[in-house]
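Two complexes follow with chain A in common, the first pairing it with chain B and the second with chain C.
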Partner chain A sequence: MREAEQTGHSEIVDQSRNFWNARPSTPRILATDFFARVDEVSALVIDIGTSSVRAGYAGDDTPKAVIPTTYGLLKTAPDADSAMPDATDPTQATTGASSKIYMGQFGPSVWRAGMEVSNPLNDGLIHDFEPITALMRHAVVDVMRCNPSDHPILVTEPAWNTPANRERMAEIMFEEFQVPAFYIANTGVLNAFAAGKGSALVIDVGQTMASVTPIVDGFVLRKGLVYSPLPKLVHAHARHILTNPNQQRRGIDLFPHQLVANKQQVEVGAPPRFTLREDRLKGTTDSWRNWYEAREVEEWIQSVAGVLEQGWNDQVAASRPPRQYEFPTGYNCWFAQERYSVGEQFFWHSPQLMASNPSLPKTIPALITESLRACDPELRQVLVGNVVLTGGGSLFAGFGDRLSAELARSFPHVKIHSPGNPVERRYGGWLGGSVLASLGTFHQLWISKEEWTEHGKAIVGQRCK
Partner chain B sequence: MANSSEVRAILDLPSSSTPAPAPKKLSVPTARKPDGISRELFSLIGPSSTTLVAQLAKPRLKQKPNLGAGSKIKWQWRAFKNEYPFAKYNVQRPTFTYSEDEYTLHLEDSEWTKEETDYLMKIVAEYDTRWYVIYDRYEFAGGVARTMEDLKDRYCSVCRKLVRNRPWAGDENSKNALLSSYQFDKEREVLRKRYVASLENRTPEQIAEEEALYMEIKRLEQNERKFKRERDDLLRTIAGIDSGLPDIVEDELPASSMSSDPKRSKKRNGADLDSPSTPLMSTPLSRAARPSLPPKNSAYDLQHCITRTEPPAAATSATKAAHQPAYLRSFKLPFPKAAQAQKVTQALAELGVSHTRLVMPTQGNVALLDQLLEATTALVDTKKAVDKIEFDIQVLKNRLGMQGAAAGTAAEEGDGGTEGMEVDDGNDADGDADGEGDGDGEDGRAQSVLKTHFNVRTGPAVNVHLLRGFCGHGIDTGGDKAAKANLIQGVCCVKFMAYRVHR
Partner chain C sequence: MSFRDSNVIIIETGRTVIRAGLGLHDLLKPPSVEISARVGLRKSVFTNGAEANGKTNISEDPLASTSRASSLPQNGQRNAAVKDYLVGVQLDEVLATESDIAISWPFADGDIRDWTQAEALWKYVLFNQLQRRRVQNESPVLLTLPPGLSRDSHERICQIFFERFNVAGFSILERPVGQIYAANSLSGVVIDIGHEKTDITPIYDGFIVHSARTSTSVGTRDCVNYLAHLLRSNQSVMAAISPPEAPLEPNAIHSTLVELVDQVWKDGHVKVPSDGETAAAEDEGVTDIAAVIVAGKERALIESGMKKKATAKASAAEQARLREREAQDLLPVKFKGLEFDLGKERHRFCEPLFDPTLLRGKTTGDATLRSTAEMSLPLQTAVGHAVAQTEVDQRQYIWSGGLFVTGDITRHVKGIGIALQSRLAPFIVNPELQTDVQPRSMRVLNVPEYFPEYRDTGNGFAAFLGASIVAKITFNDSGGKNFVSKADYTSMGPRSVIEMAPTLL
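Entry: the complex of A and B
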């Protein structure tokens, strides 16, 4: 007992000594402190995508605020002031005199009578800046509790953004948010940075757009940039599979759970027994219902759909185990082969389909081929050896394996960087922005407020190449 | 950090057999506990600890970030020193600017306007000569489409011209270095790019074929190697030579009379050509003993039949290339010079000698073969020269004949004239005498080498000299009258040598 005490004591003493000896020199502490202060400008990074707006501190590895980009819009009658909700509610903002915006966690997903739902982005580009301002304010002020006028802000843009759009963004930042400094960076470049690469072929599959962007030394090669609304097609295909009747089942109802009053458990494949909330049906807008049905389809895709690794093969598809899925109505069934036909849309379109629809979005392999063809032949090998797979859409089951199989078929030395961590994959652009804005050498690139007032919009194009 | 007795008190445990005196003892010094050290720690180390002296200062912890709180942050542009350790590698290329005069004087180009050149220089500076990016962003309003090579070519030529035509402050070397850094061969670059593209555009069938061919060539090489090995084995079996023993290359018989060449005799160390190398002498014993002995022990060498070859002249450097590995002498048989190989082979074939195969490649034999080849080469050279002279004579004679016909003078004149005429006459005569016809002069020039000996009267001196070289012992250099005999003898000698070589 006593011995144990003694050794225990001596251990403690040793540890304490080590603790003291570990930090003997004050200058070193001061030095790190010095550097930390030099590099630390506490910049914010905002990444606006079709599905969500990501905001956070530069230097962090995950965004602090992730809010859906889609917002609810409730047009109130001019005389219905009494029905106005509490003005201090952070998820709401008034736009003009007669409408209200619902954003964030309790925004569009909450059923409200007469609430329309819309998205300020169209094909990855911002087409409506008014809700964008509100969304950014909500993310920074309400969720992060930051004052934007205290922080330099880095915003991302897709590679096909227009100069007018980025100038408008700069204007909003400087005029409305009064930011001290601003920079707008390309998501392709940022995704390459997030992967630790200066030159890369970034394959970004988002909610509505799939793009292939060649990056060389941190610059987008605009001639090699290609994109198509392929994910939309995949989504439409999945929705078609679900809602259209086939031999095994009738068309599936995609009522969101907000509209279902009650449901009963039913056998697999049996018709669902549920009652709808008649009180809500009348006040439900088409846009809200469409949006929520799309969410139901998305959820089905994420849990059931997949893609075969080696291209379509009936036997292989039939040999895979089927998966069960239950919809909010209580209807449930097994999905076998058809679940693999969804992912096939990413990689292959039947000639009949292509002939019938000339404006069909290009498949991923077609995009890659087109992008590489536009690049210098010498660059192709470099780019193919540095493929970066990113975007939430790329988390589609089996996507990475199929892509590497497709690429290996046409190129001898392919290397695909695809982070296994879903956060890194989904918020790759934000992460790259976080890396970039926390670099000490980056700070000379910020557009300061003085420069903005002095040079105006032209400075954006000059600085952000 | 609680003391053990305190812990016991807290946990209501009975106190240990011996009461712990520690708390009472330590309670006195703790009154003088210095700042910046916890009470528990101080009580453990005690006041006498020397380490405490240096650690009395209050620990300075890292300051917590003060994000936007308090006073408003003022953002402004300031010069700063880049502390980044790799910043020194961020070297900027010199940017060139030129005046209007300079442009008109040096930089005019039919394909480029000054405006576009200005734009090019600007964009190159802007993107820091990242040509892929420059090519991607290059958009000159109203300009023609340019390839990356066009842009590079123009930029480099402008820079070259400016460097060349401006006064240069530094030395010539740095100027040349700078100039060469702006060297750009457009055609070559275009060609190279095309090759790269064609390499990529191979169809899978082509790639498969290429791979198949590669495999095939590898297979053939392997077969060849195998075949060669088998052949060597067979050769050894048949000839009874085990030449896989690099140490034993010579036998120990004393020098023969054949070694008249001083260089050769020194090298050969007096070995007999006819005696075969003895495989029995291979002996791991001798090999094991060798390192312990001085490298140039001639007595030892003699005893163990070791022949030391002179290292090549360039072997002073200790590089890999200078090192000469052990080899079989039969692998390094002398070979006639490529230019004359055919004729030499032909000449030797006439003698019934095959120089490509040596049954017993002893050092002496190899040297002999080497000489034989040298002599034959000289013979071929002589033959060639003779043929040429003959032809010249023929031409001159024809001309003379024509002159004679024109002047109407007697043809006899030529007989007492030049030596060349005599040669020619003799040639004719000999040719007739031999009954071989006189086609030798022109069309039959390459037919036979040996025949020339008989045809050329002036030749013997040369030939005899050669033959002396062949045989190593004197041949009567009688001159014209003995020529034929000498030559016959010489040929015999060559044949004899060939015979010996072959044995």
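Entry: the complex of A and C
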């Protein structure tokens, strides 16, 4: 059994290699190329990350639906004023409060009085399946306008997913969405496929998690899998820089556009002159504000922050041109060295910081070292020769250059595959799924509805390695 | 294979209106066909239909649907065939005499609610209005559709056009793409103000940013209702339409006012306050004769010149009166044989677009103007938000690409774009900021002057114009891969449209 699957998988690896070698230079034509090989009914691919849920047709080069994983929850509490005589009913009081869920690009990000936001993922793993079902339904039915019962669906999972989680996912797919066939694939493997590689060292930097996954012939080398919530630390560092006062400036208010009624243009570094929407402040929940301020920080990082290519050096950092940035309040100022100190957190932590915080997430070089140490020595050279850099967090300015500089210090022949197209980088896992699900030989791996009915949950662990 | 320009057909499918035209001319012409995107079905034909379909929502009062005060109805009939549906002129005639008609608007949702009804509409446009014959159809068709339809829908549409209408070639264009092309830009935000919904579509580099597309429930209907409501406090109007000796029913008052408002804004008497656009240099005494002739406005110019001379001759008292009227901005209106003056309040027409809460709690007789006001975002919020959903590095190109306000309302009401731009200022950073990421400027797009045939239609026909431009390029390219030819369809089937229509990939 195991043998048979092995061959099945390596065939796919070969095919995906051929496919990518024959790939035309403009990715737009990709889908045209694909269709000749695909069955009549196209499969759907759903990739669930901490920041967004991606869904689309297998064979496409971009997902059709990208919606935030974070959702808004508005509890419509039972009206206290209404003098309802039967409000004494205990079930009414506790469970009677119905809540409304807001999803999609215009769900959580739209300000609503009293709306809380939350995220069903914790460290990359799904911990709350109820909203996940709703999110997937929203992506497939509302955005793609597809009927899930017509299409086989491939879902992705992080390499550290639990068996219980993937079985639950299969159950949702078969029982709630009534899909004709299902498969769950590992994002590490898929990212390698998206890069056209069967063996690779996949460095995936997401919104909350950074992971290093060695892939050998289409399989995850479990002992070499390492991950840490490093991006969270980087984000916290950036937020600290912005909100805490320093010699040059006071702490910056991160009010989002939704809470700013109007702003006036002010000189660089001058205190902002803006008025808040007082009518909204009262109804703003802490979770919403916190989430939206995190978005503002994220945008600042994307616009301004960077990392030095050759490691930290005060002189180099000082010689780089500063950048100006304006916040929604109208406050604007120049960011010089500090914008590079943000990215530095990915690669180096000061000994003081490490001493003060023993549970500090590991840096990227530490993760790579740890991962490779767990692999056989003969594999190491293959892996560092096939490094795949992926994930939205890896789009951080200068990240790729710094990574290659770090790796070059320890290994003679390093080759990093980092797609320049941000879509490929951000949705690498989805793209790999798109490649995999549209290959002819993949068909033997689908779990069909009949198999599910016959074997139950056990089939998921057997089929999806 | 290439086609003759004179055979090319463009069908523009909007939420509530379908426009079409035959032939591409050197000067691209506005659509020759314009019908409401609605179909009617005689209830008597399907007496059991209403019970069979649980969702039927037949509006008993035909006036309600023609005055379009209610949300657009949809009456699905599973067993109805294409030929059972009444469309276009036929439907208008029947509606005038019979009340036993169930009206449906198959495109009102921005999706296709009923395939038979959609087919009935397209068929009517092709074979009745444009006089094509099914047997020897040499016309390729470029169809515009709302963005974001499913792949299955596109295939099904392709199948209908080839198998039912026997077209010679077929391609699909998503409407916002056409609209932004018409404005001569590749990036920007298209704001398509419809009857009850406004679609907002950010476009980056010729491609729709689908994840940032949105629509908000404000539209022309709200503006009309709002102004009708305001007019209730205008003594002279109320005295004229509902004289004390013969007062109208409260409901009738509203519908009459709505008709009046419709007439006023369609005649172009509404301006958007605080805009720079309407202060055109027309009456500054300098006349650019060449521009006038190119625009085909010689007669209008001569007439206005005559009028000026006439007024100059009028008595001083007369002139003083005119000046006073001008200062008060009074507009004489002829409506149903009545004559009265409308004041400045007519310019408040567009206010609900920017503040839908104005409509909350306003009642017309016994019916509340709208119950969905709390769900709809003001235009500026929705637009700002839509662009904020695009990638950080795309935004400055989208903002500087421009705001393009289109939709029926822009045919007669100018300056919404400018008004919107000023309200979007918070999303733009200080123009002196040293940044290559944050948006520093924003402009307002309009259909360029060099489309002379479109000069009098504002931005209203932008989708049709854009589709004409695309059709010209698509169908003239003999080796073209941007449309489905009959041969492609025969060899690949409906799926071919997914690969051939460039915007759908």
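Quick note on the criterion: the second predicted complex is superposed on the first by the 404 of 465 C-alpha atoms of A that agree within 3 Å, B and C clash if a C-alpha of one lies under 4 Å from a C-alpha of the other, contacts with A are read in each partner's own complex, and residues count from 1 in each chain.
Keep in mind that, in the parts below, a contact is a pair of C-beta atoms (placed from the backbone, for glycine too) under 8 Å apart; a residue touches a chain by one contact, two chains touch by 3 or more.
As the structure is a prediction and not an experimental result, all values here were calculated from the model.
S.K.: In the overlay, answer first, second, both or neither for which of chain B and chain C A:Phe106 touches.
M.R.: After superposition on chain A, A:Phe106 lies in contact with chain C alone.
S.K.: Applying the touch criterion given at the start, work out whether A:Leu379 contacts chain B, chain C, both or neither, answering first, second, both or neither.
M.R.: A:Leu379 sits against chain B, while chain C stays out of touch.
S.K.: Between chain B and chain C, whom does A:Ile459 touch in the aligned arrangement: first, second, both, or neither?
M.R.: neither
S.K.: Any idea whether chain B or chain C touches more of chain A?
M.R.: Partner touching more chain A residues in the overlay: B.
S.K.: Scan A:Ile203 for contacts with chain B and chain C and give back first, second, both or neither.
M.R.: Neither chain B nor chain C is touched by A:Ile203.
S.K.: Give one of first, second, both or neither to describe whether A:Ser448 is in contact with chain B, with chain C, with both, or with none.
M.R.: First partner only.
S.K.: I'd like to know which partner A:Lys263 touches here: chain B for first, chain C for second, both or neither.
M.R.: Only chain C; A:Lys263 stays clear of chain B.
S.K.: Would you check which partner chain A:Ala65 touches, where first means chain B only, second means chain C only, and both and neither mean what they say?
M.R.: second
S.K.: Is A:Leu135 contacted by the first partner chain B, the second partner chain C, both or neither?
M.R.: So A:Leu135 meets neither chain B nor chain C here.
S.K.: Once the structures are superposed on A, label A:Cys146 by its partner contacts, choosing first (chain B), second (chain C), both or neither.
M.R.: Once the two structures are laid over each other on A, A:Cys146 reaches both partners.
S.K.: Which parts of chain A are touched by chain B and by chain C alike?
M.R.: Shared contact residues on chain A (touching chain B in one complex, chain C in the other): 32, 35, 42, 146.
S.K.: Under the touch definition given earlier, write down the residues of chain A that touch chain B in their complex.
M.R.: For this pair, the touching residues of chain A are 1-2, 5, 8-9, 12-13, 16-17, 20, 23-24, 26, 29-30, 32-33, 35-38, 40, 42, 146-147, 150-152, 180-181, 216-217, 219, 221-224, 375-380, 440-441, 448-451, 465.
S.K.: Can you check the complex and tell me which residues of chain C touch chain A?
M.R.: 111, 148-153, 210-212, 214, 377, 384-385, 388-389, 391-393, 425-427, 429-430, 433-435, 437-438, 495, 498-499, 505
S.K.: Going by the contact rule set out above, which residues of chain B touch chain A in the complex?
M.R.: These residues of chain B touch chain A: 1, 4, 16-18, 41, 44-45, 51, 54-55, 57, 59-63, 65, 67-68, 72-73, 75-77, 82-84, 87, 126-127, 130, 132-133, 135-137, 148, 193, 196-197, 200.
S.K.: Which residues, counting only chain A, touch chain C once they are in their complex?
M.R.: So the residues of chain A in touch with chain C come to 28, 31-32, 35, 42, 57, 60, 64-67, 105-106, 109-110, 143-146, 257, 260, 262-263, 265-266, 299, 302-304, 323-326, 328, 330, 332, 422.
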